[in-house]
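You will see chain A twice below: alongside chain B first, and alongside chain C after that.
== the complex of A and B ==
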């Protein structure tokens, strides 16, 4: 198998995998019943699909055009670093809204989170209280 | 063969963007809308990467990199505003 044929096979397979993962992730965003479940689709499937597309781009420009580009690797490194942070922030907004009893947001299969022990509340809005798990000063 | 794969990729990402748009309009919570916008940014980056492969130009990746950075900052700004009532304290 020549290098050009191999490059075509590899890049085609990676593009199909990436497109399928992006589609499945967005389908999960539409289909799943509550936000905590909907977070799974985009943050895992879509990011993985985009990773496959970026690898396809690197392979295409390296194998078929002979140029080595690192922009795609930068994009993937940046996305894989930021996707968990943005998912965490969105989950915190969801918890905060649940605590404020926003009527339109379904809580999810686990329901509204139980209050933490010690007579304090989850720190989605306030700074962590002394002696709670988020309080690094009191450790 | 690569043309077929690119057509499939464009179709899949276009459909994914349409589904994100549906979730953006439907809601129901404000966190769902932030998540839909975040996913739309990720799918748009995938579309730009596919356009870069299809048109054989490396200039598309500057746009992809910019969108990756600005999309994250936008998501965090929305979430911070809802959590704290302020973006930069």
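== the complex of A and C ==
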């Protein structure tokens, strides 16, 4: 097998794998029962999907053009930094709406989360205490 | 003098490396501009990182390796659940994970890791800063899930962020 054919096979395989994971992640959004379960699809299955596409891009530029590209590395770094944060913001908004008993935000199969032990509440509902990691005023 | 010019050497190096990666070529001009950013940005952003913790780099690198591998496994596991697990067999649960980590940076990395790895998304931290609220996609045994996350990630992060 010549290098060109090998490159084509490798890049095609990576694109198909990446596309499949992205598709499965999106399908998860449709079929999982409630918002919190649906969050799991886009934070994970699509990460590998995009990761495979980025590796395909690096492999393509290296094997077909003979150059190394580094931009894909940055894309994945920013993806790993932003995916958990957006998921976290959506989860926090959901906790708020659960507490307000909004009819359009029903609790999922996991129910409503119990408050943490020790007579405090989650930071979404209660101002972070002085001297704790969430306390930005006290700095 | 060095302290005032480079208040945050780690951040300076990171900025130079990121700049070189973004430019995508090794040239004197790019390196020069990268070094200028590496010196200027930490000086101007200093007010926003008071009392930053020390980071140990060797454990941090091995931690990054473990997390990357777990992200791979997490993707396959979640894909499997999405495709083949019936909704009535799914056991989603809320977990309150007691935190031993204290610094905001360490807790942020811990929460981010939890969101990227097998079947868990971190949702909130308690007002006292001692519990992390996590949603698990499929946790028939919530206590075991908490132990797994604590031993696999938190123990390592304690080592990385120890003073």
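Keep in mind that, in the parts below, the second predicted complex is superposed on the first by the 122 of 139 C-alpha atoms of A that agree within 3 Å, B and C clash if a C-alpha of one lies under 4 Å from a C-alpha of the other, contacts with A are read in each partner's own complex, and residues count from 1 in each chain.
In this text, a residue touches a chain if its C-beta (ideal position, glycine included) is under 8 Å from a C-beta of that chain, and two chains touch if they have at least 3 such contacts.
This one's a predicted model, so the numbers in the text were calculated from it and none came from an experiment.
Visitor: Could you look at A:12 and tell me whether it touches chain B, chain C, both or neither (first, second, both, neither)?
Guide: After superposition on chain A, A:12 lies in contact with chain B alone.
Visitor: I'd like to know which partner A:69 touches here: chain B for first, chain C for second, both or neither.
Guide: It touches chain B and chain C both.
Visitor: Let me test your reading of the model: by the given contact rule, A:109 touches which partner, first (chain B), second (chain C), both or neither?
Guide: Touch status of A:109: second partner only.
Visitor: Answer with first, second, both or neither: which of chain B and chain C does A:55 touch in the superposed model?
Guide: Neither partner.
Visitor: With the two complexes superposed on chain A, say which partner A:33 touches: chain B (first), chain C (second), both, or neither.
Guide: Once the two structures are laid over each other on A, A:33 reaches chain C alone.
Visitor: Counting only touches as set out at the top, which of chain B and chain C does A:80 meet: first, second, both, neither?
Guide: second
Visitor: Looking at A:44 after the superposition, I want to know if it touches chain B, chain C, both of them or none. Which is it: first, second, both, neither?
Guide: In the superposition, A:44 touches chain C alone.
Visitor: On chain A, what residues does chain B touch that chain C touches as well?
Guide: Shared contact residues on chain A (touching chain B in one complex, chain C in the other): 25, 27, 39, 41, 47, 49, 69, 71, 74, 83, 85, 91-92, 94, 124-125.
Visitor: Within the complex, which stretch of chain C touches chain A?
Guide: The touching residues are 18, 20-22, 24, 50, 71-72, 74-76, 78-79, 82-83, 87, 90-94, 96, 102-104, 107, 111-112, 114-117, 119, 121-131, 133, 135-137.
Visitor: Residue numbers of chain A touching chain C in their complex, please.
Guide: 21, 24-25, 27-28, 31-33, 36-37, 39-41, 43-45, 47-49, 69-71, 73-74, 80-81, 83-85, 87-88, 91-92, 94-95, 108-111, 113-114, 116-118, 120-129, 132-135, 139
Visitor: Can you name the residues of chain B that touch chain A in the complex?
Guide: Result: residues 1-2, 4-6, 8-13, 15-17, 19-20, 22-23, 27-32, 34-36, 38-39, 42-43, 45-46, 49-50, 52-53, 56, 58, 61-62, 64-65, 68-69, 72, 75-76, 78-80, 82-84 of chain B touch chain A.
Visitor: Which of the residues in chain A come into contact with chain B in the complex?
Guide: Result: residues 8-9, 11-13, 15-16, 18-20, 22-23, 25-27, 29-30, 35, 38-39, 41-42, 46-47, 49-50, 53-54, 56-57, 60-61, 65, 67, 69, 71-72, 74-75, 78-79, 82-83, 85-86, 89-94, 96-97, 102, 104-106, 124-125 of chain A touch chain B.
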